[in-house]
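The structure appears below as structure tokens.
Chains here go by letter, A, B, C, D, E, F, G, H, I and J, matching the order in which they are written, and residues are numbered from 1 within each.
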């Protein structure tokens, strides 16, 4: 799936309380993609935390967006930053953080944390 | 139930130690409302933390107030902010925070955190 | 028991290292008092944290002091602040914090946190 | 809802491996009903364990069946045995056990365990 | 309170499903009595498990019955067997087990387990 | 992938201690397949326990075998029994048990347990 | 301390309910003795479980008895069996089990379990 | 190291209470060997449980014996049975069980359990 | 043992990386001393955290130093500050913190935390 | 293995998102080296956290690099700082932290934490 088509999967709804800087945390423990070198599946728990501006992400569309990576070959560091970029592009949040905690490979586990701060 | 009638359920008592800025935390693990789109029940653990000014919320009335959402169709982000607004309106606290941790739907769980700071 | 008599239960010993601002934490998980409205027993875990000045509280006397509330009818917010006031009055600590975590009633649990800072 | 209508909510599918006595465990942590005396909501985690004969219970219909108790006034002991009776009536399982672990009321929690053995 | 009066506190209701040998477990984590020698309070978690015959114990009356020990001076082994005897006398259950797990004293904790089997 | 081709993925090695009835437990927490109705991914932790006769399953081939279900549409009860059948067919173990613990869907989680006993 | 003097430390009280075979479990997490070879202290959690006949062990005397090993040089296997022998000698219990779980030494931890069954 | 030399590392001491069938459990969480195919290190927690007859294994010698596998290339199933065989050969225990819980490889973890019963 | 002799037990080694302000944390869960009033043993988990300057504490000597308190009669607050003073005197660290978490007495547990900051 | 050769084991790949200061955490729970004095093996969980500049460390090469310490005799404080130095030298990260949590020896466990900040 092209990067542009994937981003189109993300749907939004209007922030019902835009005057307050409140926080939305979404934990998606069933993320899976594929290692681009070995072809082996990778698994991660994603934790997204953001303060919405005008728009919030619709949960079912977010789930389908994440499922679009199921057969995608992509590295840990890359997929974490790409998901953050897609969400920032679609939601324009006030702040957003994404933590991707991957399960162990060769006895070693990795967690990638990327943060977006809106330029004010 | 109308928004106004719901707010009337909240009873208060006089803060017994108003000279000290102490903190009251109330955990209500049995909150349930209904998804306005699917009609499916939602479940959350609510954690309210506040510093009272003149008034404290009476616990039994708070429980009945929360139970008034049992058949209400309302979104996560909305109900969290509405409960905070109701409590701020009735108690006029010095500070108040509400965390609503909803159980997973489609494998994905959400936590909404909203904070009120009194304008001094 | 009168408030004055209760305070007399608290015994102290001289701070053996007054030159250093070290911290003493005391956890008393078996506190129980009575709800002044329903007459039902309440239960809490108390966590006292303080930096002593000239005096430290003697542990056995603190236990007996807490036991004096066993049949006392008193609200959560009140008893937490009263115990803090008694300890501040007897010890004159540099700083002191009391956290009282009450067990659930009607499915809802409460934790009261009160802090004393010495006026310097 | 009448008892008969509620039972009609339960849908089944054909056991795909009836020659083997294998076990199906279903955990439903979001069960809620109402106390018939106080009108207060009750909450329980239900754990159903059974060995199917010809039929298995369809999960979504089981969820809707459980949701039909949301406004029903019924005691702990009764609801546990009634759900077991309904499932036995619809599935005719080889064996079936239902454990209902209710959350605390007045500081006291209850767990009801009922077992059905097919008469052979 | 006399032993006879205490037993009168226990109320029952008719077993709604007497044909089935199902199990009722009740956990009461806030039991407290007094050591008859030192006068110090004791604390225990009580776990009652029984199969009812004609009668079940009513939960609120069980709570009040347990609270009647709040000022009673009685040893661990004695109170556990006495509570079991009272419940057996009032309910005539098919089987009944009581586990009383007392909190540590002098660094040592005790758990008493007593079982009643109906003579058939 | 055809059922026959999938079974060919399983490789074995000779049991190094066939005289002793020892137990091999293998936990595979990253199993994923697809719901044949909704097309949504399912996730499970598989726990295989067996006593080998002449042959043991080679771990890497078992991992690849499990990965062959990544895009397969198959129900919980079916996939658990099919994997057990494949392993029994290839290994002819003395005993074998497979437990598949699936993550929650609609707030409800399922665990399927199937056992094979060699006919002696 | 001689073995005979140590045994004299154990005091008993009359079993208040000798007609019932109930169980008494005592957990003593602060046992410490000394390794007879290296002179290094050993630490263990002792769990004693018994069914009393005519006599129960008094808890404070049991604590003092255990403290008498504080400077004693004795091996794991020996001390566990000796404590069991002393208790059996003094209490003549219907059954008794002692579990001694020692903390790690050289990265390796040991647990000794000894059981006494009365010869009837 | 030859199998014979390795076995010589195991030292024993006389069972101090041979008349009683008591149990000795030894947990060694730092076992490591090498995969004979990939050369990669393996890690396991070993739990040995036995009832001694005339001899007990000396702990320090057991630790050194286990360390002798640090550079040895050997499979999970093999090393578990070999260690059990060595211990049975040296100690001639009444019963003995060895559980070897290996850490995950490729997301999959294995536990091998082997039991020896003395032929009487 | 005199205070001076005890301090002589502490041995040091040269900090291998003095240019970097790195942190060393040492957890000693088997500390025991004696209450100077009751003669009863006390038990604590000590957690030492420091940034070395020229010298680090040698672990085995630290263990023997802590064991020298085994028969010493000393209060919680005193022993925590004394150990910190001894270590500061011998190591002259850049910063050092000692946390002593004592096990419960009379149902109440205490934790003492003392910090040393080098005067620069 | 010489220090220079060991460092050559570390391979890197280009940071795919160098414009963002995101964090990479790698947990390696199977680190083992040897005590240079006693020859006994040491075990640690390593947690590396860094913000990459131009280069990221390749995980498999990092695993092999860590395995090169398997037979190396080196102290806790030294190995932690050496690994940090090697990674800083090869990656030139913006910031990097290494935490090495060693398992207990003589009942005492150590954790070393070293931090590198790039000079800007």
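Assume contacts are C-beta pairs under 8 Å (C-beta built on N, C-alpha and C of every residue); 3 or more make two chains touch, one makes a residue touch a chain.
No experiment lies behind these values; they were computed from the predicted model shown.
Peer 1: Hopping along touching chains only, can you work out the least number of steps from subunit C to subunit H?
Peer 2: Counted as steps through touching chains, the separation is 3.
Peer 1: So if I look at the partners of subunit F and the partners of subunit J, which chains show up in both lists?
Peer 2: Neighbours common to subunit F and subunit J are A, H.
Peer 1: Would you indicate which option in D-F, A-H or G-I repeats the interface seen between F-H, with over half of the contact pairs matching by residue number?
Peer 2: Repeat of the F-H interface: D-F.
Peer 1: Nearest whole angstrom, what separates the Cα centre of subunit A from the Cα centre of subunit G?
Peer 2: 57
Peer 1: Roughly how far is subunit B from subunit F, centre to centre by C-alpha average, rounded to an integer in Å?
Peer 2: 46
Peer 1: So, what's the distance in Å between the C-alpha centres of subunit J and subunit A?
Peer 2: Between these chains, centre-to-centre, one finds 29 Å.
Peer 1: Where in subunit D do residues touch at least two different other chains?
Peer 2: In subunit D, residues 29-30, 40, 43, 103, 105-107 touch at least two other chains, as defined above.
Peer 1: Please list, in label order, each pair of chains that touches.
Peer 2: A-B, A-F, A-H, A-J, B-C, B-D, B-F, C-D, C-E, C-I, D-E, D-F, E-G, E-I, F-H, G-H, G-I, G-J, H-J, I-J
Peer 1: Subunit I touches which residues of subunit C in the complex?
Peer 2: Touching subunit I from subunit C are residues 15-17, 20-30, 52, 56, 59-60, 62-63.
Peer 1: Per the contact definition, I'd like the list of subunit J residues that touch subunit I in the complex.
Peer 2: By the definition above, subunit J touches subunit I via 75, 77-78, 80-81, 104-116.
Peer 1: Would you mind writing out the residues of subunit H in touch with subunit A in their complex?
Peer 2: Touch residues, subunit H against subunit A: 40, 43, 103-107.
Peer 1: In the complex of these two chains, what residues of subunit A are touching subunit F?
Peer 2: Going by the criterion above, the answer is residues 29-30, 32, 40-41, 43, 67, 70-71, 103.
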